[in-house]
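Here you go, one structure.
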Amino acid sequence: MKLTTTIARPDVALIDQLSKFSSATIHEAQGRLGALDSVIKPIDRDMTVCGPAFTVVCAPRDNIMLQVAISYAEPGDVIVVSAGEYTEAGSFGDVLANACLARGIAGLVTDTGVRDTAEIRRLGLPVFSRSVSIKGTVKETLAPLNEPVTIGGQVIRPGDIVRGDADGVVVVRREDIEFAIGSSQAREDAEAGYIELYKQGKTPIEVSNLRPVLAAKGLLIDA
Amino acid sequence: MKLTTTIARPDVALIDQLSKFSSATIHEAQGRLGALDSVIKPIDRDMTVCGPAFTVVCAPRDNIMLQVAISYAEPGDVIVVSAGEYTEAGSFGDVLANACLARGIAGLVTDTGVRDTAEIRRLGLPVFSRSVSIKGTVKETLAPLNEPVTIGGQVIRPGDIVRGDADGVVVVRREDIEFAIGSSQAREDAEAGYIELYKQGKTPIEVSNLRPVLAAKGLLIDA
Amino acid sequence: MKLTTTIARPDVALIDQLSKFSSATIHEAQGRLGALDSVIKPIDRDMTVCGPAFTVVCAPRDNIMLQVAISYAEPGDVIVVSAGEYTEAGSFGDVLANACLARGIAGLVTDTGVRDTAEIRRLGLPVFSRSVSIKGTVKETLAPLNEPVTIGGQVIRPGDIVRGDADGVVVVRREDIEFAIGSSQAREDAEAGYIELYKQGKTPIEVSNLRPVLAAKGLLIDA
Amino acid sequence: MKLTTTIARPDVALIDQLSKFSSATIHEAQGRLGALDSVIKPIDRDMTVCGPAFTVVCAPRDNIMLQVAISYAEPGDVIVVSAGEYTEAGSFGDVLANACLARGIAGLVTDTGVRDTAEIRRLGLPVFSRSVSIKGTVKETLAPLNEPVTIGGQVIRPGDIVRGDADGVVVVRREDIEFAIGSSQAREDAEAGYIELYKQGKTPIEVSNLRPVLAAKGLLIDA
Amino acid sequence: MKLTTTIARPDVALIDQLSKFSSATIHEAQGRLGALDSVIKPIDRDMTVCGPAFTVVCAPRDNIMLQVAISYAEPGDVIVVSAGEYTEAGSFGDVLANACLARGIAGLVTDTGVRDTAEIRRLGLPVFSRSVSIKGTVKETLAPLNEPVTIGGQVIRPGDIVRGDADGVVVVRREDIEFAIGSSQAREDAEAGYIELYKQGKTPIEVSNLRPVLAAKGLLIDA
Amino acid sequence: MKLTTTIARPDVALIDQLSKFSSATIHEAQGRLGALDSVIKPIDRDMTVCGPAFTVVCAPRDNIMLQVAISYAEPGDVIVVSAGEYTEAGSFGDVLANACLARGIAGLVTDTGVRDTAEIRRLGLPVFSRSVSIKGTVKETLAPLNEPVTIGGQVIRPGDIVRGDADGVVVVRREDIEFAIGSSQAREDAEAGYIELYKQGKTPIEVSNLRPVLAAKGLLIDA
């Protein structure tokens, strides 16, 4: 088995621009695509992350490949772990969090569990996981590094951009980052307009111009 | 299809009185009735809500009727959404939260997901949901407004009173509100007495007078 | 049916020493044993507990035996409740929390639900549960006190030591407490060393000396 | 507490006509309404049922009201039990199945568990449940009989018609039975036509005339 | 680590007597105790098993200790596997089923998954599991043999008797087997009497003599 | 949006050879890879399928793209549907099953629900799904055809080979089919040898030569 340790990453300036938008905005703006399942959440609701995915597969209850991934990831990378959605394992804790911080890794997104959450919060590393579990892992099984992985019902390829916040995690395909930035900005501008209309007292039926849509579907309103 | 947009609401003074009791107290006081399933929780544990239900059904992954509901709800109403317990949709976010606040809507209770939770917390609108999901919704399917709906294993009728806090959500039937207030007050008074006895060092067996109950069931205690 | 109300407890000084280690550290240090399933968590992430288990079985939706347990537990004990993993019941609330505090009980660990969480947080009693539910319980069914119980996939015997924190709960068998303290200290010392190495820029492959392990498994790294 | 034991039932001839259609057909034919959640299934895939609902609420793990319901139901009725979706209780077994058969009850639909399934299959009583569990129930808690209940995410009122088969269960509101029969027949006729077209080699795009729909949504097909 | 391979077993004649009763009857007859969670079911509804438990712990996704257990179990034993309720592993298949049959092992009860179910059904070995999964296991982790294990929410000790059928699995403590046989027979006799009364047209209220119970709880029946 | 309707398929003779092996054997033989999550199962345990994947994404509760896929799939193809793991929709029934059969489609594998299962079983089309649900779907949302999809925790690309049987579903990458056939045959030959040894009375410890492995891990056996 041969591992890929080098990946293509998007321009840092683009990642910086993308990081200004929320995960929900980006998901909508790129056509309601890329949202990971809602069970994957930050271990602290104030955590956010944005960076290129450094992908790794782990067997359930096994973190040897995660240790390999941390060893080769570069500053700014987000480690993305596909480990079979196993909730009862703490595959990452404060020791490896220190390793990530020392190496400049931007954060971790995993579909299995983590532990030492109090200390990780204190350290300030953004970690998004499916569960928090104290149960230990083994170091037995080789698995792919930097191949496309499945996590939270999405396919993530190395170098795709992962954006996470309190609401969850979205992935942007590397070739779509500029489109995602542009359409996210457009959506945010539009939403600011809607909010303004709502503050003026307009209703959703008015703001979204739903009356003809509803009438076409056969709706009669009693008022 | 014809929608009902006007509903009968209980007296505001009664809602105000009911709002002084916790969801758990009201549930017990009205005979262990009305508690929604525990998966429906506030997006911030400090949020509370109390008001008449303005009920709406949404198809899973569809929020067109929620937009209609917000358009017709009145100040103080709690929008109650029955959407098939689908966790993977963010059917409500910061834009609609602004609409609710501008219209004086008291809060939202839904059996599907919401998003933009950080901003909704900042805005201060009480939102109780089954999940937090960034996934977008469509606007396709008509469904009933202000008919009895099922949510969290309970039937809620328009104008019934919904009370939510950190522990969850309870519904009080409109015709039972005065009974619920009275018996909640009685229960709270009784509990204050029990707490006093506990602080004096009494045991639950003493405070609840369990000894004859236990003996009747055949219990022998070794002490 | 006859109840056991007196149990053997480990030395308080040992409990005090054990309480300095996290649940995850203890779990690993005693050979990856004793971790309860990850669904059992504190109702506030800052809560911690450490003490001898005073075990009780409750039928689902029934808390009569929990009331008995609180009546006989001693200062420093942790009440451990096995109630069939039923999520839709609030079997413990602020009134019984006052009873526990008045009696010096150290905390509660249960595989069913609790309620009045805002008030319990205010009171400061550490409570670890499977869910938060406002639904009431009955007082009907006798069940064993201070026999070995199953909770979160572990067997806990009266007098075994229960340690909980933000990450979850671990049990240490009474006869293993000194071993657990010693090996936890050793593990913590080792981890401090690893963290130091990470801060110096070492990789996990270096710190864990994984290269020969990986090579033996047939791994080739492209770098 | 006062129980209602007499209910209005639809004409038997109408029930007989409705029983010729599958649960899926009826659900579609009445506008995609009335389907219970998919977790409620027959204990044998060859079981079917169709009849007026005789509704009862049970507390979880308690079947006293189910015994009351069986005592008052009439021949042809389907007992519909709302018991809080508790999976770990066998609230109905071969003894009560004999009671149902002796009284001519048409079947049972419940959101909790049943047991003695081998014997019930031998007896031939149609039973639809959320789970099969051997765990016993108590007989403690009064609850409503023949009031609207919530089960599988639907509201069922006494006298509404319940239709179940291998795919699951659907409810038809009593006032809608003739509409449901008519539109089910129309749907079945239409489907027979579609099947004939498929047998002739037509594609779904042709049979459902999807090409303009797809084009309007912006689809380009490479063939 | 030292393994226990010899266990005390109840008399074969007693096991034979117990095997005449269903899992549900035994559970009720011994005081509603011993039922494993309902997710553990036979892979074919016609499978039944009754025999002394030969208990083993496996790490999730690891079956090395199951292989050890099969090597030391004796004819008539039921292998009971506690493997952390992990659904995504097929820890037992047709090859080991052949090993069990050759050694006279009576069956297998496990809280993880199995595979090769078509062939195991053909071979006729009774297997009760939490899931069916094709995913492979490793052979890495030592764990206890013939110590008390937790499975399906019950504690099972080596030599306790395990009885499974279509409805699920119940455990009888070794010291309680004669009591369980006697009270199961008494219950079956009583149930035969109830069934006779039902066939004569009696209602559950009459057969269970519920009228005074219901009246004491305050029930008024309208008929 | 532009759809791909033509895909590269492996040689039919190779598919025929692969179809002789069970899903579990293939999964193990190709290095414990490719198994879909265990929740995806045939609607009848006697159903099997083997063929190239014709992949399609559907929005949850929407089957318009499935209809497109059936229109373009070729004889022998297996339609593979990724629809967000939504259990409460019957996205495929007897009418489309007739379409598949008329077009020679080999079967369907989906991560959402199907319906009309009795009729589909009668027709004999192999269908593997996550659930059986009678709830209807809409025809609104465009989505990719014949791009890599995620289903059951695996990535499946068009033309990869899907093999399903009673135990579940495995995917073989198109380029690995000859390797999978060879190693499956080798595994089956080896297993036949093991079974012969077991029939001769050997133990798993002997057949798998576990004694040195166990000793190296520190195991002491009391016999």
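As written, the chains take the letters A, B, C, D, E and F, and residue 1 is the first residue of each chain.
Assume a residue touches a chain if its C-beta (ideal position, glycine included) is under 8 Å from a C-beta of that chain, and two chains touch if they have at least 3 such contacts.
Since the model is a prediction, treat every value here as computed from it, not as a measurement.
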item: Minimum number of chain-to-chain touching steps separating chain C from chain D; value: 1
item: Separation of chain E from chain F, taking each centre as the mean of its C-alpha atoms, in whole Å; value: 31
item: Chain A and chain D: spacing of chain centres that average the CA atoms, whole Å; value: 41
item: Residue numbers of chain F (touch at least two other chains); value: 37, 84, 88
item: Graph class of chain-chain contacts, one of line, ring, star, complete, other; value: other
item: All touching chain pairs, where touch follows the definition stated at the start; value: A-B, A-C, A-E, A-F, B-C, B-D, B-F, C-D, C-E, D-E, D-F, E-F
item: Chain D partner contacts - residues on chain F that touch it in the complex; value: 1-6, 64, 67-68, 70-72, 87-88, 90, 93-96, 98-99, 102-103, 113, 115-118, 131-136, 139, 142
item: Chain F partner contacts - residues on chain D that touch it in the complex; value: 22-24, 27-28, 32, 35, 37-38, 41, 45, 165-168, 170, 191, 194-195, 198-208, 210, 213-214, 217-223
item: Footprint of chain C on chain E - complex, ascending; value: 37, 84-85, 148-150, 153-155
item: In the complex, chain B residues that touch chain F; value: 59-61, 84, 86, 88, 138, 140-141
